[in-house]
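Chain nomenclature is as follows: A, B, C and D, assigned in order of appearance, with residue numbering initiated at 1 for each chain independently.
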Amino acid sequence: MIELPTEALWLVIAFPLGGALLLHFAGRWLGEPLAGYLASAASLAALAVAAVAAVPFFTGEGHPSQSLLWEWMPAVGASFEISWDPLSALMTLVVTGVGSLIHIYSVGYMHGDPRFARFFTYLNLFTASMLTLVLAGNYAMLFVGWELVGLCSYLLISFWFTRPSAASAGKKAFVVNRIGDFGFLIALMLIFSTFGTLSYTGVFDRAAQELSGWAPTIIGLMLAAGAVGKSAQIPLYVWLPDAMEGPTPVSALIHAATMVTAGVYVIARSAPIFELAPVASGVVAAVGAITALWAATIAIGQSDIKRVLAYSTISQLGYMFLAVGATAYVAGVFHLMTHAFFKALLFLAAGSVIHAMGGRQDMEEMGGLRKAMPVTFVTMGVGVVAIAGIPPLAGFWSKDEILSVVFNQGGWYTALWLIGLITALLTAFYMFRQFVMVFLGKPRWPEGVTPHESPRSMTVPLVILAILSVAGGLVNTPFRLGLEHFLEPSFEGVRLGHPPEGVGLVLVLAALAVGAGVVGAAMAFFAYHRPPEAWRRFQSGFGKLWGWWENAYGVDDAYGAMLVTPGRRLSEQTAFGVDMKVVDGAVNGVAWLVQATGRLIRPAQSGLVRQYGLWFGLGLVALLIWILVRGVA
Amino acid sequence: MLTLLVLTPLLGAVVISLVPARRRELQLPLGIALSAAPLGVAGAVFVSFEKGEGSFQMVEKMVWWEPWGISWHLGVDGISLGLVALTTLLFPLSLAASDAITHRRKAFVMAMLVLETGLIGTFLALDLVLFFVFFEVILVPMYLIIGIWGGERRVYAAVKFFIYTAVGSALLLAAIIALAVMHASQSVEGALSFDYLALLDLEISSTAQMWLFGAFALAFAIKVPLFPFHTWLPDAHVEAPTAGSVLLAGVLLKLGTYGLLRFNLTLFPEATVSLVPVLAVLAVVGIIYGAVVAIVQPDLKKLVAYSSVSHLGFVVLGIFALTSAGLQGAVIQNVNHGLTTGALFLLVGMLYDRRHTKKIADFGGLASRVPMMAGFFLFMAFASIGLPGLNGFVGEFLVLVGSFPSLPAYAVVAAFGVVLAAIYMLWAYQRVFTGPLTGMANRKLVDLSPKETAILSPLAALVLLLGLYPGILLDRTAPSVEAILDRIEQTTDYQVPSPGRLEDVFASGSGDGEG
Amino acid sequence: MLEVTPGWYMTLAAALFVLGLTGVLVRRNALVMFMSVELMLNAVNLTFVAAGRAAGVLDGQVAVFFVLVVAAAEVVVGLAIIVAIFRRRETASVDELAALRG
Amino acid sequence: MVELVIFVLMGSGALAGGVTVVMARNPVRSAMGMLGSLVSLAVIYVVNLAHLVAAVQVVVYAGAVLTLFLFVIMFIGVDRAEDTSETIPLQRKLVAGLALVVAVGAAVLVWRGRFSWTPAAAESVPIPNGTVQALGGELFTTWVLGVEITALLLTIAAVGAIALAFYRRSGKASAEK
């Protein structure tokens, strides 16, 4: 067995980065589909290196290690430094694994796009950035990856930039993320001024001694603020639904499987700090639970196939937040992984559907696609079952673990557990609703649309992801806590939340979770496996509530009215009122004053010599008198 | 070597003056070639600069006017090194981007070369009179560049620029003379001296320090420009030709921050320490205010100009953070801002040359017509926003993290400027480059020529290099910065904060419990 | 017997000076103004001579000599200017030469 | 006694000439008043032992300078009687005030004794005789540099006058209003 030294891990980042550079300069020349293959190869190469390097952790012989690439900003303890431990290994494998599949899928999906090569440039750049994020050995480098994935997200959301909605969605995503980053930056400042370094080892080793009082809570909350932005939690989730303007593989890769989970990763990574800040953890958990429920209800009311998935993503991320907030870091990361599988699967399947429908995304216009797209039908079915939390698929294991850990925390966490349980029901409902609306029933396709199964390059990744969605949960079952064991070195010294001890209680909890899923699924099936008129009647039964869900509670409009419009007005007032009139007015006012004085005394310059002479004489006499009165020595 | 560096551009101006006026085709290429010469010299200076040394290097001193203690005294340290390199780099590039100047081209090239001498001289001068002379020399060519080759309201802008800065200079001169007189009253021989190194040993009373600090700071604050002395800047930028804007933002503004760093901190340490809150407030207000005002600017150049106000606020905040990281951040942010904003002005200029408008509303969806230009613009916009991996981040991050221990509340507010930067830059990009292509004129745009690409590429490369490996500059800056801090610690009871419990940070810092 | 002290001469000079001053400020014919100036110069010359005699030195007379010469030069140039202006403007009135009015 | 008579006579002459200069509406009369004033002063110079100065006064001033004045007056037009009404507001009143202040001031200064030293002092000091020899000796020894400079000044004035005399309108002169 080859042992790969940590020093060689820069290769993991270098492959996709090199791919991005190559495609940036030579992409047009390479053309379609070579550019896509090269990009996929780069991603696969990174996966291969990461897999080899991760072997010691699987065999249980590995130890976390660091490798310094180069100094970046020594004054603030920032360097390019790779940290290799089970947590980053797992994240790397998920990112490169799912990422590679999505690369391959995109070769088919982006077929015929004039900016085919450019798309893969961005995709590769994203992979490199995400790997920078997860491999970082200190908060500064983490922030590099953190922001670069934001950049790639911006570039990819507004990939079809001629559509104004895409351009503005990209900007919105970046700006909203930046608001979260504001908190993150403050967290970095706090960490540096406490520890004098930003490196993980330096911070975590001394966290318990150096942090006291409210300091860890503040740091934790600020880190969480950043995470809330990136992971699209309340109140900063509004960018994610709009991000669906990007090509669907992007939605799958960035806005479901990897980038949005960065927030969860950061909180898990900072476990030693959150350990000291139960309040911050509680806030994270509460935000997660509320977001989960909030987004799930919105997802119910959506008819755009991708928007359902977008809100579903927000909701699932809420689960992860709930988990890490309840100190169930392993459960959170576990759900992160399984979610990456099934949500990528769902998005890619949705992409396949959109592809088949000629770009249409409205589920009202679909229906009966089962026959036309058998592979997509089956694989998406797997994904739906998985996310609904029905055993033995991946979603069940991770979601059940989260819920049971939260329940076991007791106290007010029980309320969060209840929210989680309701959300599980809603999740099953809206996912099955989508599934039924898209694939079952009678076709409601518009004229001229003839759906067909997608090409091989798209269906193969679907199948692989479906297999992972089925089997992925088995790495960490209550019977064999493989993942927890695997991640142990990363959470050394951190008290992890655990499920209840008694087997009976565990089973009851699991039964409740599964029951919620089944009930939700059944309700969706009965409500929607009927003609459209019937389901519309069903929807109108909710009264105003449905309208709110459809409108996502009008949060976008509220933000617009409360923040954007007043913000712009403030800016206008400042620019054209204060700056032009007051500040510049003062400057020009001084100039005007000088001019006015000049105008005032100008008549004295009459041009009449005799008058000047008189003034001269009078002045002279006045001076003389003054001298005489004062008396010159 | 430094004398050579200062005088090469001036020599170039003389050479250009000898070119017959009708050989127009020679003037610009020759100017570019001549301004490349100081770049070479600056490169040599950069290479031979000793890394670990915090004091002045390659010092040259010749007596100029003995009775008044004025000397031709030049030297370079980690603070001026980057700025000198930046200056020499931006001149050939901006001259190369001046094809659009057809009227009195010879005079233009000469003005540019004289300007270069002035700028390099200001950064290298170690004698206050010499410094002042160079500081003022700059005004004349810049006034001409704006006033002759500028836009419609060029005369207004040029006069405003000139008078505003001259007002500041007047006080500066008075303060410089006061220092020399103090030297005479304190030294044994009673001799006047304008030598920076000699003046460092002065013992100045607290009150006198306050006044002198104020005079110096006002002159430099106008140059920076620090809120609320900034209104000459948008006017000057909007009217100036491309090269003028590039140099104005790229180098001229740095004279202010350089002056604060070089003179205010070292000559008046006591006043510095007690006036930190004032300048930090102005800096932070400038950061937020500049950004807020930039958001709604209808003119692309004005937008970039206000973004400069915001970015230079970071520099000033870093300076008055009085920590190693803050000062290093200020120094490198100086250079960074020169690169990115210089490049942005070049791009706006290239756009203006094609469309003869700078109004954002006149553009739309350009990216599909001019992808290269859009790419460069976005790249520079992100550098300016402070995307990690690009240079802008390094400066901002150092400043923010460096100022937090001493000025926590200010640092937190300043950090919000980072959010605003994303808003104004990306919104501007969105309106200019994305969306459907609008208007007939925009449809006929041509993308960057190879020459234009060649002008922008070195800047882009440096943006990336400094973003990923700022050590190339920071290694040389750090010792000089430490020297300044040591001096402040020795002459006052100020202590550079060291990492510690947050309670201590908030208790010691002037922050008022921002949480 | 009344003695003529230098004070008498001074008084006379002062009277002449005031006369000249009035002339310069009141008359607007450039030529007359010039003559008034000469009058003032003569008044000063008188004080020089008288004071020099009283002090017993020749320096007063030397000064008068120089004043005379300078006055002559002034008259030469001044009159030339007046003629030049007259040729152009057809006037010798200083009030009409007010091109520098602010 | 003689001095007193001469002082009264010539002093009145000088004052009368001065008044004529200022008051006469015709410039030729002013010139004549000027002449009277100059000659009267020349006599007073003689009394004050300034012989050379008196001679120069008559020859240069009354002779050359005044002739020049008359030339110019003739050139410009003899009978241009000046309008004596004042156009500048307050000018006359202020001039009167100024003249009054100067006159009163001078009188006060003189008669408070600052300048009223008597010839009694002359007994200790030999009264200098302003003969050509005495003054010439003084001028060409102690004051020779001044003499040279004044010579230069005169030359320059002469050149300047000639240059002005040759003045031609250069095209449509721009100085025209």
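Convention: contacts are C-beta pairs under 8 Å (C-beta built on N, C-alpha and C of every residue); 3 or more make two chains touch, one makes a residue touch a chain.
These numbers come from a predicted model, not from an experiment.
Interface comparison, A-D versus A-C: the pair with the greater number of contacting C-beta pairs is A-C.
Of all the chains shown, the one with its CA centroid nearest the global CA centroid is B. Between the CA-based centres of subunit B and subunit C the separation comes to 62 Å, rounded to the whole angstrom. Look at where the CA atoms of subunit A average out and do the same for subunit D: the two points lie 100 Å apart.
Between subunit B and subunit D, the centres computed from C-alpha atoms are 66 Å apart.
Distance between subunit A and subunit C, defined via averaged C-alpha coordinates, is recorded as 95 Å. Among the residues of subunit D, those in touch with two or more other chains are 88, 91, 95, 98, 102. Contact with two or more other chains is made by residues 606, 608, 610, 614, 617 of subunit A.
The set of subunit B residues that touch two or more partner chains is empty. You'll find the chains touch as A-B, A-C, A-D, C-D. In the complex of the two chains, the subunit A residues touching subunit C come out as 602-610, 613-614, 617. For subunit D in complex with subunit C, the residues that touch the partner chain are 1, 3-4, 7, 11, 14-15, 18-19, 21-22, 24, 27, 30-31, 34, 37-38, 41, 44-45, 48-50, 52-53, 56-57, 60-61, 64-65, 68-69, 72-73, 75-76, 80, 82, 86-88, 91-92, 95-96, 98-99, 102-103, 106-107, 110-111, 115-119, 121-122, 125-128, 130, 134-135, 138-139, 142-143, 146, 150, 153-154, 156-158, 160-161, 164-165, 167, 169, 173, 175, 177. Of all residues in subunit A, only 70-76, 78, 80, 140, 143-144, 146-148, 151, 154, 158, 161-164, 166-168, 170-171, 174-175, 178-179, 181-182, 185-186, 188-190, 192-197, 210-215, 218, 568, 570-572, 574-576, 579, 583-584, 586-587, 591 touch subunit B in the complex they form.
Those residues of subunit C lying in contact with subunit D across their complex are 1-12, 14-23, 25-29, 31-32, 34-36, 38-39, 42, 45-46, 49-59, 61-62, 64-66, 68-77, 79-84, 86-88, 92-93, 95, 99.
Residue ranges of subunit D in contact with subunit A, taken from their complex: 88, 91, 94-95, 98, 101-102, 105.
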